[in-house]
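What follows is chain A paired twice: with chain B in the first complex and chain C in the second.
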Partner chain A sequence: MISALKKRTVRLKIDYLDDWRIIQDRPAFIFTAVSVLTLFILPAFVSDYIIHILTQVVIYSIAVLGQNILIGYTGLISFGQVGFWGVGAYVLAHSLKLGLIPAIFLAGVTAAVVGAIVGVPSLRLKGPYLAIATLGFSVAFFQLVQNTPAISGGRMGLFIERVWGIDSPYELYCLSLSLCILFYLWGYRIVKSNTGRIFVAIRDSEVAAESLGVDVSRYKILSFMISSFFTGVAGGLYAYFIGYLEPTMFNITESILMFSAIVIGGIGSVFGSALGAAFVIVIQQIFVALKEFIPIVFAIAIVLVMIFEQHGLYGRWIKLKLYFMNFPFR
Partner chain B sequence: MLLQIKNIETVYYDRLYVIKGVSLELNEGEIRIVVGPNGAGKTTLLKSIAGLIKDQPRKGEILFANQNIARKSAEKISKMGLILVPDDRGLFPELTVEENLKLAGWDKKTDSYIFDIFPNLKAKLKEISNYLSGGEQQMLALARAILKKPKIMLLDEPSFGLAPKVVSELFRIIADLRKEFGMSFLIAEQNVRASIEIADYGYIIEEGKIVFQGTPSDLRDSELVKELYLGGSVKKPEKGWQLYKRKRRW
Partner chain C sequence: MLKVDRITITFGGITAVNDVSFYLPEGEILGIIGPNGSGKTTLFNIITGIYRPISGKIFLTLEDGKVRDITGLKPHRIARLKVARTFQNIKLFGYLTVIDNILLGRNLYYSKNILSVLGFEAKDYKNNREKSEEIIDFLDLKAYRYSLAKDIPLGIRKKVELARALAQQPRLLLLDEPTSGLTYEEKSEFLYYIKEINEKLGITLIIIEHDVKVISSIAKKIIALNDGKKIAEGTPDEILKNPEVIKSYLGE
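This part shows the complex of A and B:
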């Protein structure tokens, strides 16, 4: 038993590929497989309301992961995510004739191009100054959409029709979950690749990265593009899921909400992004009758995370996992 | 002449003159040291050479292999073969030793020579670099720089925070690197006693200006160096306001 326990607890990574693997061993494989199957199958037996919340969580997870790559891994604070989210949503709404998947892809690509432009100030600005510059982009996007009926559909807003036979809440959920899994696998690959290491290098010491010959400007823009691609895809998916768009859906509160999701979920963690997204969506549903208290709940959650668990819910999850792996030893 | 710096001037915020007309040279395979008190401009000088201060140096030329690299980007300068190891070592604390090395292009198969120079690192490949000792962190920073195969390495206070034994080991490695790879070093140091042992030439910088230069024996014989940097006695002590200012700075 002791040897089995040792095998389970003292599992050292022996080469770099080992570190790359998403699923490290057999128990992890079983846990992941069961979780994914449960996520696909279980919602078939729950109410549409629950499916609606789950779909929101899944879509939001993609956007939060995008923002986490930018903030958590590259260290570039951006409050412009709602702008990319909106770009994705409106591009999908206007390009749905191409088909759902091409429209989602186009939404992501357009958001990435906009992200590259918005990322230019990051070459000169840092920290709170960059945050304010990107906040300006969010506000500008909101104003642009609100004052351009050709984009927003005017006072009536923009209705999005269903295409490609994906109509029922469960079908939409399955589509969103499939995309979410793909994006999480991709996100995991990015952060574990050389590109991901360079992002972390820029975050930790820009001077050292530059003196090692890293083209910091290029990688900062790349990080903005990847992040906005993720957010744009999520925005497009969200637009299709909701079926209706109006400018007030893209106000600055959304950016702050996404930022809260990162802090609560775990800055610089792929899995933490999903936990953070789940937290902010579920809390909003729990306090649906007391909407005024939602910002207070988030504020308290962020303060608690900052004091007790800087790695957010993901940090807690790791501690919990270690506790059970080492049980009954500490 | 591999590196020739001609009368450079670095200014912060358009009004804070940190480097005021510094000129120095570095030949192939040479080790030169720049010593001076805190705030003298050593770090700014090295950063200006490495292109890490945007749009600086404002005046003057930096000729590296006969090309003017003044105001070029750090990335281009690094690719040309001039690398700075910053005073905080510039490690990426959350990455492992292996990941830090990989960022400098380390290849497991072809770059094993790095462990002949730094055997300690081999056993610590999987460790998070933040948890290494100060000496090991410095070794990792040097290893990472060597992997880029530079012609010139600029070292900013490499002995900072290290035990005397580790410092002498570090300077021995630097001397070996010069011998083995023919690299040139420009080292900014406060530890004059240790760095002078391996240096071919030295500069003393105060308030952004070179106030004294010479060979190691010149430096050792200099009353100024003895008094302010080596802690020796002075036969005829300098008097007056100048000495008071120097002592205060030191």
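This part shows the complex of A and C:
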């Protein structure tokens, strides 16, 4: 193991495009390939319960990534997550006749359109004020769903029939995982592109971004659209996976939960979003018998992250990686 | 190149810039001096569209020779007319690397079709990266290419900000106190770059500077501001002998 690490040949950068690539050298490629393969094969050996949790993690991480692009990269603190998530879920539930993939796509697009509308206040409001405005959207969405039986299916809730061939937990898991990988690749692409840099520029200094010719309003709306597209797709997928929707699933506490996933996973990191999503889902499963303690656990986790590791679990991950890369030395 | 015609702006009861006008021919360097709070930076902010003046007009001669009224245009529209600037309190994007900061300066040269906006833009990256590397070569920033902008020393940060502005390939460049806080060596290095930018790249410059020695060694024409008013205009020698300038700088 150690000798293998010592032999790790770092490919030197010889082309500008090397900086542009997501996977930059062979060890990273091998690591990624092995982990992806493991993720696909693993569920064949574990119980349905574990697959269930894994699927939840995978779906949730798409949503968290979307919101991380908005909150972490563009710096627009928003609590509208559950609204976009819910829009995706309900749109899928009502459009499943079209087939699964078109319905998921439609869920994302509808959420993106809603995101563009919700994003309009972001052109005027900043920081906590925007957070409150988007929180208002979440509350409004919850009220709308709760008071409109045509959308929510009334007191019974809304059951979703699985129209497509995908039915077994393993198939569902594979579908979610493939979508998740696609969205993560896209997320990396966005972050490494000019658009991603502009998002960070808006976060760090709006005035400077404008002086470089960036139409800040347009990119803020774009950020809202991209992030709610991700979240909407995840919401739709989640609805199909759970098979049942009721308004209480779209309480604003879900928004805060997703926000804590971002903070714990790592603000402004793509891979951190997946780590944060996994943390949130797994903690909820571990403390399933002690439901009252879940908020306390998250609160402690966030405080610890804020004090010791501002980059969240991602920061820890990077440090771990560095430790093993230079193994005998520190 | 740039004609500023009787610009006035007030904030509450304070008149920050009061009836200032000047004309700047293409390819020249204009210096602006004045004590603290005399409206120098406000003037820059008006030219780049961050503030809208309450009266007066600004005209910019475009590449094709047409004269355009740019008063009250949004900052990003003015940037598109190839006007770049730097800031007094350096406004770099701290959590991006130096090369990413410079690449951001090239954002106008990225194609804006839907695919590249959504992140798929290999060819654009290569072209713009090559241009950015030229600027890195010119300003000798190679050692800092991959450092985060918040981690590098002040002298380098000033250079990176200049690099970012140059990456926009501007025709008019506004430098807000480019040499403040630099050591003697760094100052002379910066002056060399400014000369090169003006002579080799043919960029017209406006420079705010407190150090009269520095500004008189590069600018052909200097404007002195005090309390938002233009109190003198002329060659460096004339400005240094002007009794009003001496009064506002040194007191009576």
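Quick notes on this structure:
Convention: the second predicted complex is superposed on the first by the 314 of 330 C-alpha atoms of A that agree within 3 Å, B and C clash if a C-alpha of one lies under 4 Å from a C-alpha of the other, contacts with A are read in each partner's own complex, and residues count from 1 in each chain.
FYI, contacts are C-beta pairs under 8 Å (C-beta built on N, C-alpha and C of every residue); 3 or more make two chains touch, one makes a residue touch a chain.
Quick caveat: nothing in here was measured; it's all calculated off a predicted structure.
Superposition of the two structures on chain A shows chain C clashing with chain B. In the superposition on chain A, contact of A:I198 is made with both chain B and chain C. In the superposed pair of complexes, A:I190 makes contact with chain C only, with no contact to chain B.
Applying the stated contact rule after C-alpha superposition, one finds that A:L222 touches chain C and leaves chain B untouched.
In the superposed model, A:G312 makes contact with neither chain B nor chain C.
Contact comparison for chain A: of chain B and chain C, C touches the greater number of residues.
Contacts of A:A208 after superposition: both chain B and chain C are touched. When the shared chain is aligned, no partner comes close enough to touch A:G235: not chain B, not chain C. Common to the chain B and chain C contact sets on chain A are residues 16, 194, 197-198, 200-201, 204-205, 207-216, 268.
Interface residues of chain B facing chain A in the complex, by the touch rule stated above, are 47, 50-52, 73-75, 78-79, 83-86, 88-95, 98-99, 102-104, 126, 144-145, 148. Those residues of chain A that touch chain B in the complex are listed here as 12-13, 16, 194, 197-198, 200-201, 204-205, 207-216, 268. Listing the residues of chain C that touch chain A in their complex gives 48, 50, 74-76, 79-80, 84-85, 87, 91-96, 99-100, 103-105, 107-108, 110, 116-122, 124-126, 128-130, 133, 164, 168.
By the touch rule above, chain A contacts chain C in their complex via residues 16-17, 19-20, 186, 189-198, 200-201, 203-205, 207-216, 222, 226, 268.
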